[in-house]
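Handing you a structure now.
By written order: A, B, C and D. Residues from 1 in each chain.
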Amino acid sequence: MKLDILYFSWVRERVGQSQETVETEAVTVTDLVADLTLRGAGYALAFVDTGAICVAVDQELSDFNTPLKDGCEVAFFPPMTGG
Amino acid sequence: MKLDILYFSWVRERVGQSQETVETEAVTVTDLVADLTLRGAGYALAFVDTGAICVAVDQELSDFNTPLKDGCEVAFFPPMTGG
Amino acid sequence: MAAHVQETAFDFSAEVTSFQASIKDSGAVVTFTGIVRDDSGTMDHMFIEHYHAMTEASLQKFVDQAIAKFELEDALVIHRHGVLKPGEAIMMVATAARHRKDAFAGADYLMDYLKSRAPFWKKEIFKDYTEWVESRAQDEEALAAWSQEPKV
Amino acid sequence: MAAHVQETAFDFSAEVTSFQASIKDSGAVVTFTGIVRDDSGTMDHMFIEHYHAMTEASLQKFVDQAIAKFELEDALVIHRHGVLKPGEAIMMVATAARHRKDAFAGADYLMDYLKSRAPFWKKEIFKDYTEWVESRAQDEEALAAWSQEPKV
């Protein structure tokens, strides 16, 4: 299946891009992260500590056990610092 | 001694005036209230429940045991409702 | 730090603009505006009496206390007296602090003081009768809570 | 009830004037303004990144929650993104309620949500380096406290 992946803040900077579409068989966000980590050193660095990263699936804050569906939008970012 | 007495809100309305100078030998606010109560029915009504009344001596919130000095400004009023 | 008592309306926008222009180190500005409410729909106006000789000094004292207690960079209080129509602003408070929790707490604290310790008395004038607004027990309780609560 | 995300500066005075003009039953209006602070004195600017597709809906959800939780008559959030200079306003919140404690709590609650749950990320750009602002544990704690505390 195909997923739209977004990266923000220092996750984006480490990965080196803000958005990409990936082809994956990942069942959950955790699986997806394992896939992404293989894409290069920047990815590995971005995801080295998933405890420091948040995920949103289809624009809803989610956790790493969330199941994924074809066409999902998955966003990775550090804890938010709005306000 | 002479005291300047001020009345506010419904204390003023019951007493029938906002300000007067009184000659008194009152030692404390409680003594003064006893004196004032004798001045007429409006005063008696105003001071019928001193638990419902606040006092300021020389513009400082005080209590009924506060001693009085010649030339003091003593103000009586219900609990404040600012804001 | 300023405290004003006045009969005329104040210009909230101008006051806040000037307040904000004067602050340097604050990341947080909180304002409160109190507005004449007419719950019954039959109030003609509100009349606010005050103890002129005591009012401004008393407000200034509360402002100084709030600044010290919550490490505010600045605080402002404006309170009206006289005749006010429903919908008109009675008073405003503004606080500035480095951190938002202090700015909120400072404004909240000032309001609790103003409600129960500033020498103002509100009278509501209806078509057929008038009524002095009564103080509320919960306002006294809110004020008392500041002496107990640990600082946020 | 409104939530806006924008790159351009907002006019606080105009926003509050229009917010106040639209309310009918509220006796209390609270506003919060967040301002870019430069503690070091060496910041050139702040850059705020956001998750466009998620931001406005997310803010709207927080506003709706605050209105329900604190019986607000109305609430407004405006949050900027992009480049901001020290001293510029980042965002504002306004709440209106019958009683002051609800207006304060509503604004405080909205701020706690915005700090930790709205998809914004702040970067500080200094002369020689840049730095993403780190989230603070006390912001998470402030947010968690709303699920425990009894309503004031």
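One rule holds for everything that comes next: a contact is a pair of C-beta atoms (placed from the backbone, for glycine too) under 8 Å apart; a residue touches a chain by one contact, two chains touch by 3 or more.
All of these numbers come straight from a predicted model, not from anything done at the bench.
With centres defined by CA atoms alone, the chain at the far end from chain D is B. Between chain A and chain C the centroid-to-centroid distance comes to 48 Å (mean Cα coordinates, whole Å). One finds 26 Å separating the Cα centroids of chain B and chain C.
Shared contact sites, meaning residues of chain A that touch two or more other chains, fall at 83. Of all residues in chain C, those that touch two or more other chains are 34, 100, 111. In this structure, the chains touch in the following pairs: A-D, B-C, C-D. Residues of chain C that touch chain B in their complex: 34, 49-51, 53-54, 57-58, 79, 90-91, 111, 114-123, 132-135.
Chain D meets chain C in the complex at residues 12-14, 16-17, 20, 23, 25-37, 39, 98, 100-101, 103-104, 107-108, 111, 142.
Listing the residues of chain B that touch chain C in their complex gives 6, 8-10, 12, 56, 59, 61, 73, 75, 77-83.
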